[in-house]
Amino acid sequence: MAHRNRIGNLYSLTSFGESHGPAIGGVIDGMPAGVAIDLEELHREMDRRKPGQGNGTSSRNEDDEVEILSGLKDGITLGTPIGFIIRNRDSRPEDYDHLKDVFRPSHADYTWQAKYGIRDHRGGGRASARETAARVVAGALAKQVLAQVGITISAKAMVAKNMADLSEGDTVGGIVACEIHGVPAGLGEPVFGKLSSQLAEAMMSIPAAKGFDIGLGFDFPNHTGREVLDLWRVDDGKITTATNFSGGIQGGISNGNDICFRVAFKPVATLMQPIEGIDNQGNVVNIEPRGRHDISVVARAVPVVEAMAAIVMLDNYLLNKTTHL
Amino acid sequence: MAHRNRIGNLYSLTSFGESHGPAIGGVIDGMPAGVAIDLEELHREMDRRKPGQGNGTSSRNEDDEVEILSGLKDGITLGTPIGFIIRNRDSRPEDYDHLKDVFRPSHADYTWQAKYGIRDHRGGGRASARETAARVVAGALAKQVLAQVGITISAKAMVAKNMADLSEGDTVGGIVACEIHGVPAGLGEPVFGKLSSQLAEAMMSIPAAKGFDIGLGFDFPNHTGREVLDLWRVDDGKITTATNFSGGIQGGISNGNDICFRVAFKPVATLMQPIEGIDNQGNVVNIEPRGRHDISVVARAVPVVEAMAAIVMLDNYLLNKTTHL
Amino acid sequence: MAHRNRIGNLYSLTSFGESHGPAIGGVIDGMPAGVAIDLEELHREMDRRKPGQGNGTSSRNEDDEVEILSGLKDGITLGTPIGFIIRNRDSRPEDYDHLKDVFRPSHADYTWQAKYGIRDHRGGGRASARETAARVVAGALAKQVLAQVGITISAKAMVAKNMADLSEGDTVGGIVACEIHGVPAGLGEPVFGKLSSQLAEAMMSIPAAKGFDIGLGFDFPNHTGREVLDLWRVDDGKITTATNFSGGIQGGISNGNDICFRVAFKPVATLMQPIEGIDNQGNVVNIEPRGRHDISVVARAVPVVEAMAAIVMLDNYLLNKTTHL
Amino acid sequence: MAHRNRIGNLYSLTSFGESHGPAIGGVIDGMPAGVAIDLEELHREMDRRKPGQGNGTSSRNEDDEVEILSGLKDGITLGTPIGFIIRNRDSRPEDYDHLKDVFRPSHADYTWQAKYGIRDHRGGGRASARETAARVVAGALAKQVLAQVGITISAKAMVAKNMADLSEGDTVGGIVACEIHGVPAGLGEPVFGKLSSQLAEAMMSIPAAKGFDIGLGFDFPNHTGREVLDLWRVDDGKITTATNFSGGIQGGISNGNDICFRVAFKPVATLMQPIEGIDNQGNVVNIEPRGRHDISVVARAVPVVEAMAAIVMLDNYLLNKTTHL
């Protein structure tokens, strides 16, 4: 359940922050009480999202130092909300003066201006992918809680285009394939709160995400019903299925198999080539590339996908505790 | 924003009903006051969802007569909630006795039993696609409101497999491609409430939906950033784009172009062939086909996709009225 | 958590219906699965709300026959939403023709017209106390669930004015004092979701409710802190308090004592005397009394207060299951 | 609409923070874009809540310096969430060591321990009235927005007991009477979202609040219906009422008159006298008074009551923009 700057129902994140304002951060509400949190592990997750994590990521020096302000005492969750901030330390606002009245193509510049009549043009403002750092905080904590009930999450990045073939300064998109292991049968809610529906919502809220599918997904239409039935198998007395075309969710509810989904990302819209923008008077303007940018977001998107999956899964794990009296 | 059996924030549908109980129905909250409603038009939308609407749909006689119980006076909306019911008249519960303790493959039988410890096994119970009739009611009314502000919705069904090649009793899935026209720039909410995120959630809540993408979607990774930039164009003094790879949404907010997305549906899991189920003791059982079922849900899914799109768009249209004082 | 026509977070009621439309009703979402429901008991609760239940209630023949449409199978809850309707059978709309363009004093006529620009003037429309029947349905079911965990609710009506002293056709208000027994310590949520806060919201949403207090409430300012400390007592090894000035809630959370609160109701605004109304042109008009009306709502308010208390308590009981992993 | 640590639907505050942790703070979502904010005015509101604001308030040096982290650019709201923190600088945790395993009477110590199984015992932790500083931030900003549409809020503190009669170290409660001026007719939502219902919820969430009433409130039962009818008056062609017994709300919706309500506060439970607590083993323990505490919270509660009123009113002002298309 997402609403504006909040996602989740029982375990929720409300986030804030512009890319070049004083700080980004958020409030995590609904963290169960009495859980031991490993802050070192949190920092390792943050590091995975940092620039320079793989091929074609930017060298901007983002210092993602998370300051936890509440909700923990001696490393144990209090059940109260966890407020946290991450200072924006590498802000050079003057780098963005040339973009003040310019809308870059395939960016959020124009749409945010159209919506609000005002925007923070520096580094994308609130639309910057920097806001995903807050997601990773909430996701990393959720992961630690989920681990205690045996649920783990992995994902891998796949880039379709051969980066070697790229012209200088061009970019690529890609796909992140995520698997959630150890999920008990019964998570997810009918009818609008299907687990697949909630995962789709969460993933499509990640910047540059343009597609989501689960199990065979968009390949389903290439098969007949007979070909893709997940026939039953009894394994050690437990009912399971011989195949997992469904991707671990049937009728919106987890069936105990691994949950397998994919998220498609468009190529980074910020090229290291001159591109045509438009100003707020309708004049075409040339935008010269500046600084360093990512060739692909996919590697850095992996911890964000995992974080969003963790938020959804913990939320649904808690919600399912209320199915029976 | 979906939560269990409710979707939408300001314009919301809370639905109820099992396939073979007395009735299905719902409550629409947040309908603007003073809007003239054409009930004939509502019934035409309901007819589009009925069986027998095209190739390979079942002949089950569903009588989708909608009874509006509140919220309208002399055809004008009161601003109060619109309660409605649709009686289930063609219920022959004995048709389902053989499925009482049986889990069909790739159905919701097992997962709902795992979640609730109890289920209505007749025709899928609450997991039946029959619940989509309530969505079409809320969507049809939303469409009429949206039409007054110039927003219209169309969609088309695409079946990948050639139905002529199917073995007797087998089924196919397909894709529904939806376009939303006349959308003003500025709809959608950051960060978690992106319009793309909300549309994904809504579409993935439709039974048998297994994938969602927007604009180029899953084809984005096959292109470089340079190839898929939506460059600006000034059209009659209005800023727009020469291409629409983004599918009408940038940074989670509509840009004024048509919104274009696709929903992938898996093949119907109910074959008109004997299939292997499993009973609640773990014994494999043969399920013989009975009655008539759809070869493909895709044609019937079109009005449901449109309905969900209409609910999301009206909700966001109303929400955007609060962006400024 | 209330929003327009819905109340409750995990156990929620979304209601609909105008007093003189075809029906009123609602959808109860979040009912735990597998609970046996006694429909006879539900009908007894409905009867308590019916007119003619005590001194000074109207003789209007309201037939509050509840039709449950979903969510139950063989008397057991399915965990799916419970849709229900109550037909409005005693509607004589022509009785209200004289009020079509008239605003009665101290009624909702003017405010609803101001808000919506349209209203159903017949019997108060959606603002009629008839809508409380839907509350009693959701409350009666909640009571049955709560009884299984030992939580019970009682309330009593108190009328301050001596009814014998009333002039013919005049009316009185009163106070309903409610007690909730068997509440475990720990229910209620910080900071905004205090149990006292949620109870206040629920009670003040009842028609004609104008005040709410808990424990000593409005009498607290007449005492010093020393006088009203709830000092500890150990009872059978269990920590409790010697007094219950707090009314069972401290810091927003139940402390295991009985929860004691009061709701103040204003006198019925519909007198059986001629009163001055105003029409939509600003002309004062005389309204002659018609039909039969309640001298006091307080007796009939008792089951409504109990119902709202039950909804809040079940909601919080379920919510508290998510406090720990 | 409150849920745990969030209040408000369209204009919402999600708050966090323990009294003696690193900081308290919150996220304000739904602030309309393009509004000029006067930060000096915000600080003046914060000062009104500070200790030492009147008779009998504590001299603890709370430094309520608000650091705004997002959502503003050059003093103008961006429409994005406003994150803010207030550092806790005067924390001397060792002052509270003697309370680590002790439950004070009429405090939240026991109930929070019962709920969470863990608590921050220092200064009340999350249950401390210090969290109200976050409310004042959100309320002060809401006030500035409301002022632009002519809505203003005032309140006054009333202490029933004569403070001069108090024994040394004893405390008193009191009543805050609040008026909201300039409210247009039409704010508030049926049926559960009545304006009176939302105000009650908001006020009862303030620490030590034990009662709420509106208009004549708890005095209504002492009058007959005839005595308290708000008869119509036409004033400069505008329909209004000669009296305002209703307190500005009829049928849950504002009628254009001043909204008048009262909040009853219990006496401060922290006396400057020895009191009996109990430890977690059930042993009675003597608690000696330390430091300085408020004799009455009522004076300091005034800006908090106003803040909560402002949050509710702005939320409803925005919500009402969606009543019509």
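Order of writing sets the labels: A, B, C and D. Residues in every chain begin at 1.
We adopt the following convention: a residue touches a chain if its C-beta (ideal position, glycine included) is under 8 Å from a C-beta of that chain, and two chains touch if they have at least 3 such contacts.
It should be emphasised that the depicted structure is a prediction, and the values quoted were computed from it without experimental measurement.
The minimal number of chain-to-chain contact steps leading from chain B to chain D is 1.
When chain centres are defined as mean Cα coordinates, B lies farthest from chain D.
A comparison of the A-B and A-C interfaces places the larger number of contacting C-beta pairs at A-B.
Work out the mean CA point of chain A and of chain D, and you get 36 Å between them. Note: centroid distance chain A to chain B, computed from Cα atoms, is 25 Å.
Distance between chain centres (mean CA atoms), chain A to chain C: 43 Å. Shown for chain B are the residues in touch with two or more other chains, namely 4-6, 15, 30, 33-34, 79-80, 115-117, 126, 190, 323-324. Within the complex, the chain A residues that touch chain D are 4-6, 14-18, 21-27, 29-30, 33-34, 67-71, 73, 76-83, 85, 115-120, 125-126. Within the complex formed with chain D, the chain B residues making contact are 10, 30, 32-35, 79-80, 145, 148-149, 190, 318-319, 321-325.
By the touch criterion stated above, chain D contacts chain C in their complex at residues 1-7, 9, 13, 15, 103, 105-112, 114-117, 126-127, 131, 158-161, 166-167, 170-175, 185-194, 196-205, 207, 209-218, 220-226, 228-232, 234, 237, 239, 241, 245-247, 249-256, 264-269, 271, 273, 275-278, 282, 284, 320, 323-324.
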